[in-house]
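Chain IDs A, B and C follow the sequence of writing; residue 1 opens each chain.
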Amino acid sequence: MQDMGEALTVAMTLVLSGDDDLIEIVALSLRVSLTATTAACVIGLPIGALVATNRFPGRGAVLVVMNALMGLPPVVVGLIVYLHLSRAGPLGFLGLLYTPTAMIIAQTILIAPIVAALSRQVIEDMHAEYADHFRSLCLSARQTVQALLWDARYALLTVALAGFGRAVAEVGAVMIVGGNIDHMTRVMTTAIALETSKGDLPLALGLGIVLMILALGVNALVHSLRLTAVRQAHA
Amino acid sequence: MKPLRLAALFCALSLPSAALADDILVQSTTSTANSGLYDHLLPIFAEATGIQVNVVAVGTGQAIRNARNCDGDVLLVHARPAEEQFVADGFGASRTDLMYNDFVIVGPSSDPAGVAGMDDVQPALEKIAAAQALFASRGDDSGTHKKEVSLWGASSVDPANASGDWYRETGSGMGATLNAGIGMGAYVMTDRATWISFKNKQDYEIMVEGDADLFNQYGVIPLSADKCPSANVDGAQVFADWLLSDAGQAAIAEYEVDGQQLFFPNAPD
Amino acid sequence: MREAIIHGPEALTAGAIPASNLLPLRVRGLCLTLGGRRILNGLDLDLGPTGCTVLLGPNGAGKTQFLRLLHGLLEPDAGEIDWNGTAPEQVTSRQALVFQKPVLLRRSVAANVDFVLRSRNLPRARRSALLDHVGLGDKARQPARLLSGGEAQRLALARALATEPEVLFLDEPTASLDPASVNRIEEIVLKAVRNGTRVILVTHDIGQARRLADEIVFLHGGRVAEQATADRFFAGPRTPAARAHVSGGLVL
């Protein structure tokens, strides 16, 4: 267990030193996972809202599939994306394999179902409450979805954070499609995996602590933004 | 946030890192990357040629499979029969011996099988099997795993019968297998370079070394333009030529960790 | 169709509006079963063009569901609802319903009104007059969800009035409110009636029915048991169930 203490020291040293390599890795982690979260929201929120507000044949099956996809194994997502982006694959001509874009694509696929499934639940609960009022106003489907997305925005922020948390913490997908290339596609999790494989457990743990600080920072930032917004206007 | 601003943000963030056209990508075994060899070589090469080299470090089996998908420009691995097959299948332009080191078997200082100091690998493996001492295998079709399987094949033991018993196949990379092996007190076969630079040794020591069978040859293969027209074969050839040149060979020889040379250049003259 | 003559805020309190051509209402043989329970059982009703009709009846008489049927939020199992020949898909948008528990958006008071105005392409400038009209002018910036029960119900009324409904349904708008709030809400309702809005109100408060009603419809057993002018009804209900209800007795 002396590794834990050493890891904390390493983490503190890393953070305080402002090491260029570390900053680069942290920045790439944030860039990849925040972009993936944004893309997953752009894709997942409308899907979640549409499923939440509509009744159609096979809806039950859609719900089961959406919820099951939340458990997509990162490695499988990585492999599927790899097979498509590989130069031998159908999208190989894009030259995206081993780039941050490939990592963003993989993480987007990984977390879009999470955003869709969780937002579906949030929006459905709110829709149950609003439905009569909206029907009384004769709102169109589009107006209904827009109003629900806006009113559920704080709950949906938490949904987005859940997606971000999964993206920034996963290693299997970005390892395969990013290749953990130094100064190019190395992110926090692949760096941790690398240091672990080198047997440098204190450094790996230290990086892990930095990653947790990072996640904490993003969550704290969102939380304070939300508090400010709530205070300023609308509960 | 307005959709437009979201879209703009997305575009700004998702622009791929401008990968220069003359960059090259090496599909490599892990030992050369994890031991820090590339960190030593690549700046020298970049200085000499201006070419940026990126490395994807995976097991030899995975590296060859990736290269068969043309996902890379150069293959640098250590499993000669598979490498020759790769060239024979037309994916590689040519295969050349680059350097060597050797494999060792490491184990806990308590040495439950009593193999410490042995320099004959088959009897050592047989003793481990006879004592049913734990042995952690890569089990991942890597170069090291292929080597280990061939060593067992030459012995009187078929460890597959003991898989899950004293023979533990981790299905992971060298580092992960060392971590697992050390965690369970098992013997592990590893290349010397990875072992010397490995930081989580605990009470582990080299038990078996020095057998000619433990020789570990690395080869370098630029990809073939015929099978992989999109590969940067020119850059790949420049890199391979440099590695095999006197300058490249000298750079390999001078790389040391803790005062020990990890790789021994042996390119043909 | 009635001319849209309400433009300025003054219209909210100005003189009479021509009667809505949604009326007279003719309901025949209305049946509704919910959750295996027969709620309405061949209900017939005719409503005239003006005034305030109060629906009375014991718990479970189907008053709330009847309002939802009239407003087009529910489909009956059988029977017809005829709003003076108006096509069913046009009915809902010309009416408004204030629910017993107001459904307020998680936005400011002003934004709740704006939302309704925007959904109907009405000028947002009307908002402040509407809020002043229900006495919430000084609370425009507050989160709607932090309003008291009475304030929330007045905001719901402002939203309902924002659409200039020809028919205004109110489902127990003052249930569990303090007397002062009840007063203010009744004033707003009376003003709406005086302006020519056809009001149909459900209440359990007999005093409120006396104060607001021009006409009483007493529901019992899934049908209209008694329909009469308020004066005539309170002078002496003719059915035993209505008599018991008015005198505070238990009606089953």
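The definition used in the following text is that contacts are C-beta pairs under 8 Å (C-beta built on N, C-alpha and C of every residue); 3 or more make two chains touch, one makes a residue touch a chain.
The shown structure was predicted, so the numbers you read here are calculated from the model rather than taken from an experiment.
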| item | value |
| --- | --- |
| Innermost chain, where centres are averages of C-alpha coordinates | A |
| A-C against A-B, pair bridged by the larger set of C-beta contacts | A-B |
| Most distant chain from subunit A by Cα centroid | C |
| Inter-chain centre distance, subunit B versus subunit C - centres from mean C-alpha coordinates, in Å | 79 |
| Approximate Å spacing (C-alpha centroids) for the pair subunit A, subunit C | 47 |
| Centre distance in Å when subunit A and subunit B are each reduced to the mean of their C-alpha atoms | 32 |
| Subunit C to subunit A touching residues, read off their complex | 68, 71, 73, 92-93, 95-97, 99, 103, 105-108, 111, 115-116, 119-120, 141, 143-146, 163 |
| Contact set on subunit A toward subunit C in their complex | 129-130, 132-133, 135-139, 143, 147, 150-152, 230, 233-235 |
| Interface residues, subunit A side, partner subunit B - complex | 31, 34-35, 38-39, 42, 86-89, 92-93, 95-101, 104, 179-182, 184, 194, 196-201, 203 |
| Touching residues (chain side subunit B, partner subunit A) in the complex | 3, 6-7, 9-10, 13-17, 19, 25, 30, 34, 39, 54-57, 66, 68-71, 173-176, 178-179, 197-201, 228, 230-231 |
